[in-house]
C-alpha cells in the first residue's frame, strides 16, 4: 500500500543475485575489479556509442557531479522549475558546482520547450555582472510523469547546442521513458545532444547504485576526481557495478520499467476521469498525479494508502507512484479506493 | 549625460578631503588605525544603537558576506526576484555562502510583502530534501526606485522573525530611502528587525568603500574572518574608514541622497505622464523607470544620453538614474529630450 | 594474493544475509524504514551512550561530513601528516567544509601527541589573518597500523577540549583498534571526547555502507542536511542500515577485526625481524609495513603478490594488509615469500 | 616608529594626485572609464608583452583569484611553507578555488628550489585518490625579504612548465625585487613562465588598489567573472586604475621600492652583525629579520618601536619593515636602539 515512491520498492531478483555472487570473492578495490571493468563496454553496446560509466550512490550525486563537470562556479544551468535538482536535492547542485545558479523555467506538465526557455531568459543579459548560462538539464521522464518525445528532446538538445550549452539528462526514471517511447536508448540521450546521463537504477529494482553515463570523453577525468572528492567512489566498487550490469543484462531495466508503467496506466484508467477524478498530467511513465476532492487525501490515508501530497499545501493534489513490483491487486484496490472516496 | 548609474558620479568633496588628509600619515594597518576605530562609535550614534562597522570594497561584497554569516550552505534566502543579489552579482551570494539558494518572490514595484512571500513558499516543504529558509534579504530603496515605508519594513521584519529567519538589508541606496522617508535610520534598519545592513556609500558620493553595519554582536567575529578570507580586509583600512566617516559627518550622506532624489523627482515630473511617457514605477528615490516608445531609446542615445535598457529585450523600457552631482540643467535637458522624442 | 587493502575482501556472510533478507520487501524510503530506525538504539547500546547513526557510502564521505559539521569554512583541523583525510581523499575535507585547512602534525608511527601538536602550532598565531583551529581529527587505528591506547586517546581528547576544539575520529579501522585494545567501544570514542566517529564497516566485511556515529545531539540536524546535499542519503536506506546492524549483531565486527589482526600479527612474526626484514611500525591492527630490500618488491610482485608501495618513491617500503577473510595459508605463503626474497 | 609593515606607510603624492584628479569627474562605471582602459596598454609597455590588468582591493584577492583561475577545486598548488597564501590569508586560496590544497615546501630563506619541490612531493602519487598538482606559486620578494635571481625564477618556471603546472607570482613586494635585481620586469615575470602576477602597489605607496597582471589571454574571461563574483570589481573602477597608472608613470613604483630597499639595507648594516645582532636572512628587499636577545623585543617596544614577532612564540625573532616613506632618521634611530639594547 506504499505509493509514495518507487524508492520503496524491492530490489529485483537479478540485482540481488548479482550482489550475492560478487559477495564472497576477493577483488581489486576502487573500480579495478572485473565487474567495474565491464561497465563501459556493456553500456556502450546498449547505447550504441562509446561511453564511460561511473557508479555513484544516489541520483542526487549523479546529477550534481554531472552539473559540476559541465559548468563553472559562475555558471548557470537552465532547468524546469519543478526539477528534482532544484526542489529535492537540498542544494546539491549548488554545493557540487561551487555555487552555480539554476535558472528556472516554467512549462506545462513538467516539460521544457525552446520557446519557454527563451521567454524565461529574455531579460538575462549574460554580461559580467551575471551568471553565465552554460548547461541545460532535462528530466526524462519528467517530475510529473510525462515523457519527452524523441523529437522534443532533439529540439531541446539542438537549442542548447546552438547556444553553446552542455546538456545533462536527469534519468532517475530514464528506463520508464525509454519503455514508454519504445525508442533506442541512444535516441533519448546522446543522439539528442546529451553529454551526461544520470541513469537511474535504484527506483527501478536496484539496491544501492546509480550510474553516470558520460558520452563526452573529455569530461571523464574531471568527473573521476570530483567523484572521489565527493566520497562517491566506492572502495568495493564491484557491488555497485554488479547491480548495474544485472540491470542491463537481458533488458531487466526495460522489463521492470514497463511493468511499472503498465501499473500506472491502469491506475490512471480506472481511478481517473472515469471515476470522476481529474488527472493533473498525462500518465506516460509510472506516476499518476490526481486532483483529489477535499477530504479525500485523509480518507485514503485512513484506508492505509501512502502517497505524497503535491503542489501547494491544501491543494488536495496527490502523487501516486507505481513501482516495478507493485502487485496488480494493489493497483486495483487503490483505484477502487480512489473511486469510492471521490464523491 | 550619463544616466546609466549613480556609479558614474563623482566622489564628493568631503570624501576626497578625508582621503587627502589621511594620505600622508603613517598609521597602523588592518583596521587598527584611528579612523577605523571611530567607525563603530559614529555609526552607533547615527543609528541609535550599538553596532559594529566593517568596510568592504563593493556592495556585492557587503551583501554576500552578510548572507554568508546568516545562512548555512544548505540554507535559503528569500528575496525579490529583481534583487541585485540575484540578478547582478554574478552569483556572489552562492559563492560566499557555499552554495545557498535564493528563493525568488515576485512583487509589484520591486517590493516584497509577507503575503507574497507566503505564496511563493507555499509548496516549499522545508524537509531534509530541501534547502532550509533561514534569511530574508530586503532591498531599500528597491531595484525599481521605490521605497518601503517604515511600516512595510517592520511588517517584513516581523514576518521573518516569526519564522526564525535572519534579516539582511541591501542598502546600496539606503541613504536615498532614508532621505525620502525622513525617518530615523534606526527605523529603517534594526528597529525593523535588520541584523546586517549593507550601507551604500560609493553611489552616493563615495570613492571606493562600502560598509557593513552589524547590529547583532554575535555575528561580528564570523564576519571579520570571512571578510579577511574574501580579500575584503583592506591593509590600509584608514582610507576606507575615512570615506565612511566623511559621509556621516554633518549628514553628507543624506544631503547627497536628497539631491539625487530631488533630481529624479523633477525628471519624473517633467518627462513622465505630463509628457506622455508612462512611469513604470513610482519615483521615490533617485531612479526613474520609463516605458519609452518604439525607437525612442535609439533616438535618445543618438542625442548622447546614456542609460540602461530594462526588462526584456525589445521592451523599450529604460532606467535613468540621477546622482548626487547630476547638474539640474542636465536633468532638464534629458526631460526635454524625452518629451521631444516621445511621439 | 591480494594484500593491497582490506577493501579487496569479501562481504561477510552475515552482511550478505541481511541484505538478502531486506531485498524483497517494500519499505519506506529515506531512513524511514524499520532497519534504519533501529540504528540509533543498537549503536547506543554497544557504545554505552545515546548517539545518532547516519549511514553513508564511503569512509571519505563520513570523514568529510563530520569535519564540515565541526569547523567553519575558515576553520582548521589538526591531523597527522599521514592522515587519510589529507593524503587519500582528493581534498574531500576541503570540499565539504567549504575550504577549511588541515594543519599537519608529524608523529612517530602515525600517532599524534599533545606535545607534537603544540610544537606544530607554535608559530600559528590564530589572529584574523589566519585560519581558526577548531577541530582535531584522530585516526584509530592509525595509517601505519598502530593503535592509540585508551590513555593516549583520552589525553588527545582532553588537549583538544582544553583549547575549545571539537574531536573527530576516523575509524575506518576502528574495529581493529577495539579488538586490539580489548576495551569498551565507548572508551575509544566518546569517553575520550570524540564528537563524531567515522565507523568503518566496508573494509571489515561490509558491502557498501559506513556509519557516522554522532555523540553530540546538537550536530545531528546539520549533518542530516549536509548528508542529503552531498548525495549521501540513500533512497533505499534499509540496505545500508541492514549491513550495519548485521555487523554489530553478535559482535561480528569484532570477530572479523580480530581475525584480520591475528593474521597481521602472524605475518609480522614470521616475515619480520626473524626473517631479516625490518618492521617499520609496531603491528597492532591488520597492517604490516616492511622495509623491503632493493629488488624485493619486484620479486614479490613477480610471485603474484599485490601490495602498495609506501613512503617516497624508490624507498622499497611496502604495506601489506590482512583482511577479515584472508586465508591463513595465504598469510603463511606471503611470509615465506618475503623471507625467501629478503636477502 | 612603525616598522610593523609597509602597510602603515603613507600613500605617495603621485597616487593621491591621481585620485584627486579623478574624483570630480563623471565617468562610466565598471572599468569602462578612461583610466581603466589605459591599464592594459601601460602595463604591456612596462612588461614588454601584451597583458591584461584587472584591479582588486587587496593582495589576498589578487592571489586567490589567480589561483582559482589556475587550478580546479581538486587541484593543488605548490608553495613555500612560509607563503603568505598559506600563512596569512585566512584560507582565501581554499575559499576562492573551491577547496584546492596548498602543498607546502620548506626552503632556506623563504625560497623554493626545484630540488626542494621534488623532495616535498616525493611521496605524492597523484592518482585519483589525491589532489592534482596544477600550479606553482612563487613569492617575489619572499616572505623573508630575500629576492630570487632571474636565473632562480627561470629555473622554477621551467620546472613547473615541465610538469604541466601553471605559475603564479605573488608580487606583493614585486617592485622591491625588481628594484633590487635591476632587471627588466618581464625577466622577473612572464619570461620566467609566470601566467599571472599579483602586482603589489598598496605597500609601495598605493592607497587601496592592487593589480592582477595576466599574461595568458585565455585566462582573462574566467578571472573577470570570478572577480565580479568575489565582490572585487569596483563600481567606480577609475579610482583603482588611477592609482596603478600613477604608480607606473615615470617609474614611481621603482623609485618608492628603491627607497625602501635602501633603508632596509642601511638598517641591516648598522643594526646587524656589526652591532652584535644576527641577521636571520639576507636583506635584499625592504625587510630585516633579526634574532634579538632575550628581553630585547620588550626593550625596543618600551622605546616606542612597533614590529612583529616572527617565528615560534618565545623565539625573540623579529621583523622590521622599512617603507618607501620611512624617514632616514627613523631608520638610524631604530638601528641605534637595536644596538643599544642588544646586550
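Every chain is named by a letter (A, B, C and D) in the order it is written, and numbering of its residues begins at 1.
As a convention for this text, a residue touches a chain if its C-beta (ideal position, glycine included) is under 8 Å from a C-beta of that chain, and two chains touch if they have at least 3 such contacts.
Treat the numbers as computed from the prediction; the structure is a model and nothing was measured.
K.L.:
Which chain's C-alpha centroid is most distant from that of chain A?
P.N.:
Centre of mass proxy via C-alpha means gives D as farthest from chain A.
K.L.:
Which chain pair shares more contacting C-beta pairs: C-D, or A-C?
P.N.:
A-C
K.L.:
Taking each chain's centre as the mean of its CA atoms, how far is chain A from chain D in angstrom?
P.N.:
The answer is 50 Å.
K.L.:
Just curious, how far off is chain D from chain C if you go by their C-alpha centres, in Å?
P.N.:
It comes to 41 Å between the two C-alpha centres.
K.L.:
Can you give the whole-Å distance between the Cα centres of chain A and chain C?
P.N.:
Chain centres of chain A and chain C, defined by C-alpha means, are spaced 34 Å apart.
K.L.:
Two or more other chains touching the same residue: where does that happen in chain B?
P.N.:
Each of 30, 73-74, 89-91, 95, 98, 128-129, 225, 228-229, 233 in chain B touches at least two other chains.
K.L.:
Within their complex, state which residues of chain C touch chain A.
P.N.:
Residues 2, 4-5, 7-11, 15-16, 19-20, 23-30, 56-65, 89-92, 95-96, 202-203, 206-209, 225, 228-236, 239-240, 306, 323, 325 of chain C touch chain A in their complex.
K.L.:
Going by the contact rule at the top, pick out the chain D residues touching chain A in the complex.
P.N.:
Going through chain D, the ones touching chain A are 30, 72-74, 98, 128-129, 132, 222, 224-226, 228-229, 233.
K.L.:
What residues on chain B touch chain A, complex-wise?
P.N.:
Spelled out, the residues of chain B in touch with chain A are 73-74, 76, 87-91, 94-95, 97-101, 104, 122-123, 128-131, 311-313.
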